[in-house]
Amino acid sequence: MIVSMLPWSADFAGRMHEHVISSELLRGNPLGDPYERPLLVYTPPGYDDSPDRAYPVVYVIQGYTGQVAMWRNRTAFRQPFPETADAMFARGDAPPAIVVYADAWTAYGGSQFVDSPGTGRYHSYLCDEVVPYVDARYRTIPDAAHRAIAGKSSGGFGAMITPMLRPDLFGALATHAGDALYEYTYIPEFPHAVRHLRKYDGDIARWWDQFRSRVSFTQPEDMPLVALLGVAACFSADPDGTPVLPFDPVTGVLRPDVWQRWLDWDPVRMVPAHADALRGLRGIWIDAGTRDDFNLDVGAEAFRSALLEAGVSADSIYFELFDATHAGIDYRYPLSLAWLCQRMAD
Amino acid sequence: MIVSMLPWSADFAGRMHEHVISSELLRGNPLGDPYERPLLVYTPPGYDDSPDRAYPVVYVIQGYTGQVAMWRNRTAFRQPFPETADAMFARGDAPPAIVVYADAWTAYGGSQFVDSPGTGRYHSYLCDEVVPYVDARYRTIPDAAHRAIAGKSSGGFGAMITPMLRPDLFGALATHAGDALYEYTYIPEFPHAVRHLRKYDGDIARWWDQFRSRVSFTQPEDMPLVALLGVAACFSADPDGTPVLPFDPVTGVLRPDVWQRWLDWDPVRMVPAHADALRGLRGIWIDAGTRDDFNLDVGAEAFRSALLEAGVSADSIYFELFDATHAGIDYRYPLSLAWLCQRMAD
Amino acid sequence: MIVSMLPWSADFAGRMHEHVISSELLRGNPLGDPYERPLLVYTPPGYDDSPDRAYPVVYVIQGYTGQVAMWRNRTAFRQPFPETADAMFARGDAPPAIVVYADAWTAYGGSQFVDSPGTGRYHSYLCDEVVPYVDARYRTIPDAAHRAIAGKSSGGFGAMITPMLRPDLFGALATHAGDALYEYTYIPEFPHAVRHLRKYDGDIARWWDQFRSRVSFTQPEDMPLVALLGVAACFSADPDGTPVLPFDPVTGVLRPDVWQRWLDWDPVRMVPAHADALRGLRGIWIDAGTRDDFNLDVGAEAFRSALLEAGVSADSIYFELFDATHAGIDYRYPLSLAWLCQRMAD
Amino acid sequence: MIVSMLPWSADFAGRMHEHVISSELLRGNPLGDPYERPLLVYTPPGYDDSPDRAYPVVYVIQGYTGQVAMWRNRTAFRQPFPETADAMFARGDAPPAIVVYADAWTAYGGSQFVDSPGTGRYHSYLCDEVVPYVDARYRTIPDAAHRAIAGKSSGGFGAMITPMLRPDLFGALATHAGDALYEYTYIPEFPHAVRHLRKYDGDIARWWDQFRSRVSFTQPEDMPLVALLGVAACFSADPDGTPVLPFDPVTGVLRPDVWQRWLDWDPVRMVPAHADALRGLRGIWIDAGTRDDFNLDVGAEAFRSALLEAGVSADSIYFELFDATHAGIDYRYPLSLAWLCQRMAD
């Protein structure tokens, strides 16, 4: 931006570095999405002046329909998270860390940060390509104890599951209104989808074709169906990549085997099998708004409860429900970022 | 009413008879509700003049929080169902029938027309006391082929299950927005209940005590919690009558065994085990509004589909989705009543 | 009702008397509505045993679309107002009074209790026919100091204006969410009406014809348009009775002269011209819910403020805003009834 | 952005030029807002290759809370307007034009593009500084016949009034859901503001102080009150700059003189006094969504009707209502841009 002045722009105390990572794992992905991805790496104040110092890293991932360029979006009377994160470090609210903004967008609007024949290998790309890329180019402390992951909504989901699957890589996490307890996250949406699909004879592919051929989001079904289709692509795609809905689109009746594939990705249900990994984490931040549109406050409670039952120490958990919906909670991100940095510094 | 004039009142072409039935089965019910119940029996035009003629009977039951005196409630620009039913017969839109308005109210607001240690033996009362009471006092054709049952919402649920359980008694049914496909009827309500229960430390009994000691329905939680508690009393009460919620009230996590007790009462899931009974019915009317607040239009689709899969003939089913919510659909009742009378006359 | 038992019915400690009043003033009314009207007169406990005692009278009027038979409507977990009023007297919460339930329904759903060429002479009927009718048949104290009027919504409006116009007849009033401050009561509805009228080419008469020829309230426009048409009939009918809308139905632009006719009936704006009458009242109860759908809590504040500015003593006003919408506030009526009885007894 | 690839970024066929304009008129503005403002000037494809060609100019202004950097915001499945505008020119859908994105943000979130002691001289800044700045640096056709202005919401308002006030400068306009017919734009918001202000004792300054000292938009009153305060600063500030509300904040009663100051800025009401200017325009595009949250579809109808009444030729007006709310209608902007370019080319 041309003027470094609020509300149009702000100077950083640290520095934001722009990269393009060329992903071998995303090459040839089923949706034909770009395998070259933008990557933003933020180095905190002091980084350039302390050439011998190594830093913890926090990976930040986004919610559904998010892509990394949106971190620059400006809204009235607020600043983008990269700026509030920078201000947090500039104030000295937490020990400095590198912050990495990774991109996992797909043509369906998201990847849920999993490997899927429906979308591509986004989990592996994040763990096996982005992390080494950053470690190779920045003075990181390259171990799990100094690597955290954070996100909101689908990004919160990614932040919950990635350390479960890769405790060798990630030692702390923060989830803001992360997808959890899928009967309340997803099931209330299914009957609405059935209704929306009536005008497409129950065929979501027909809606998708139409959606791509016209102005997006001019129909009330557009947002719920894009999310449904996208999550089906992530969780329950056929081997050939075709997304399979977890319910009959005409009667709404659940398809138990398909729905089970979704449940297998429910963080609450994943906890017992990954109890060791979770007990080893240095910090788990969980929060959500008490009026979350997808009931993710209830999911947050359930996730915490599952953690405690799995033997995770209450001391390693920060938990808070606050008055909010699912929207407008970006002001929470610097809070968890500071907390993660403190946990990793201890 | 003193003047037989719209909008204050209307004369009947037939006659409405008021009874009090003293139920042995409800005596000593766990909630201490009255065992003497009002019962309205409507005889159609011509009944008094045809002393040798016997008539089919349609039993009409109500939705949750309904009790039989509410059939007299008047609303603007509409007439109560007993009057529109009478007008339907007076117009000759269908062969005449006796219409019975039965009461199954409880202190929780309803009984779901089942036998439960939480509320009482309302299914048996309806089948083994009300039906014989009517047959003994009116010129009915006392067989299943000439006995139907109809209702809306919880009453639609009762209308679906009663003939499944007692095909010896009921030979036709009409369900308007009847409870079905419980993942969409009930699950979307559970996370809201979790939120509401936060101010009662997750203890619905605390809310219930408070609810009964103050003006009802002044708190937003009142309506959803009374329905939740009442349905738990019907479907998942302990042997001592205590209602057990199908989820942990703090975390929202489903209690699979309790939830299964609810699912065992899902009409869609009940169909296969009662396929014979359903194949024997002379008519099944299914309708719902396409914007039903409890997704019962989707439940209606699923129920129809289950029937067809169970071998019920498409000829015996009337199915319609129409533009409406869950409210204000009483104008549909005379339509199904006429249809049931025609089916039973063939 | 056949059993005097909750929830189906309740016995009265006092007595409810049913009358039909034949109104000369309503005879030949422009809508062809009945000129014989039901009238309910309640005498309190002790009335029959104290043949020499005379009683104050509270007239109770209803909101839009209300008619007197609806006072018998039963809803779950509550009792109808005539029963809660009776219970209030039976408990001795207030000195006994006669309570009169008057009917002012019209084919449009209401009369606003004014004289209008569009609907009829309902104000005069109430004041010059109903009041004398009651005074002639019951042991009333037939003066303004012992005659009050109360109502909700349009009934609250009627309760505000009638004593302004006839301080010789009424000496106290209670308004629950009464129509007031018309820019907030009505103007927010006008643009919605413009939208609804698009499918009728801006002609509300076309909608009205259609409305009367089909099931009512199956279209979203039905309720707002019936209220709009009805109020126009009350406030801004042409001499021949045709309701004139206060705005151009296509552009929405206010018609200043017609809108002024509405404003002339705004209780807030009527106060200065009737300051003497209002200063003479023995009690003015004003309440409303803080989330009233028609902003009538703001209207209540404005009405109170206008009263104080007009010199009405703060001592004679009871004012309360409470947490509620426009619906479900019938539990407030016994509170104002008791207060009015106490004020008239002093 | 580092990669010129959707969805992260896109290459322009034309060119976007970034400027900072130092405004003498905004220097010392009452809110202490920056007087140096970003300014984006877009030159269409071919501009650089046709050094002798001069171009019409379309000025684009933003809705409330908008500032010029937000034109870069990216949302899922759509492109920012500067990109869709560029694509429109690249496709040859309209004769090429220069497009200027001007900034009129203030600490209250907007300026309504008027001169006010409450905010600053934004109208004059736009007309007397931005326009000459552009004309001096780009090959414009520097006359009203080749200068248009367009915007949405408050920007639509600015687009309506600026040519009325300065027909010497602007010869065409496009308003998307522009503020008009203020009884429907603003009055429905006032009672809500009264409610919100109850917790600030009716003192909007107390809310404003609190708002600025905490995270913005965490309270439900934040958005409506910031808009109310800001518009009052624009339309009804005291000479010392203090915004005066158009109603009593406790009773809601309109302050007729203050409200009249708002009405004096209602485009519908401004038409007659500026009929000459409007009749001279080459094109007037008016559109809005039929479910606009601020009833601006009704305002659009009223504005069109006022234009026709003032003698504006129907040929010079494009009018359309389409299915949408107030949000998500940015896809309309390229349509009006193309139309304006065609009108100016004729």
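Note that the chains are named A, B, C and D in the order they appear, and that numbering of residues resets to 1 at the start of each chain.
In this text, a residue touches a chain if its C-beta (ideal position, glycine included) is under 8 Å from a C-beta of that chain, and two chains touch if they have at least 3 such contacts.
Quantities reported herein were computed from a predicted structural model and do not represent experimental measurements.
Among the remaining chains, those touching subunit B as well as subunit D are A, C. Inter-chain spacing, taken between the CA centroids of subunit C and subunit D, is 45 Å. Subunit A and subunit C, compared by their mean Cα positions, are separated by 56 Å. Distance between chain centres (mean CA atoms), subunit A to subunit D: 35 Å.
Residues of subunit D in contact with two or more other chains: none. All chain pairs that touch, listed by label, are A-B, A-D, B-C, C-D. Listed in rising order, the residues of subunit B touching subunit C in the complex are 1-3, 5, 7-9, 18-20, 34, 36-38, 65-70, 72-78, 103, 105, 109, 215-218, 226, 323-324, 328, 331. The residues of subunit C lying in touch with subunit D in their complex are 181, 183-184, 187-188, 190-191, 194-195, 198, 248, 250-254, 268, 290-291, 295, 297-299, 301-302, 305.
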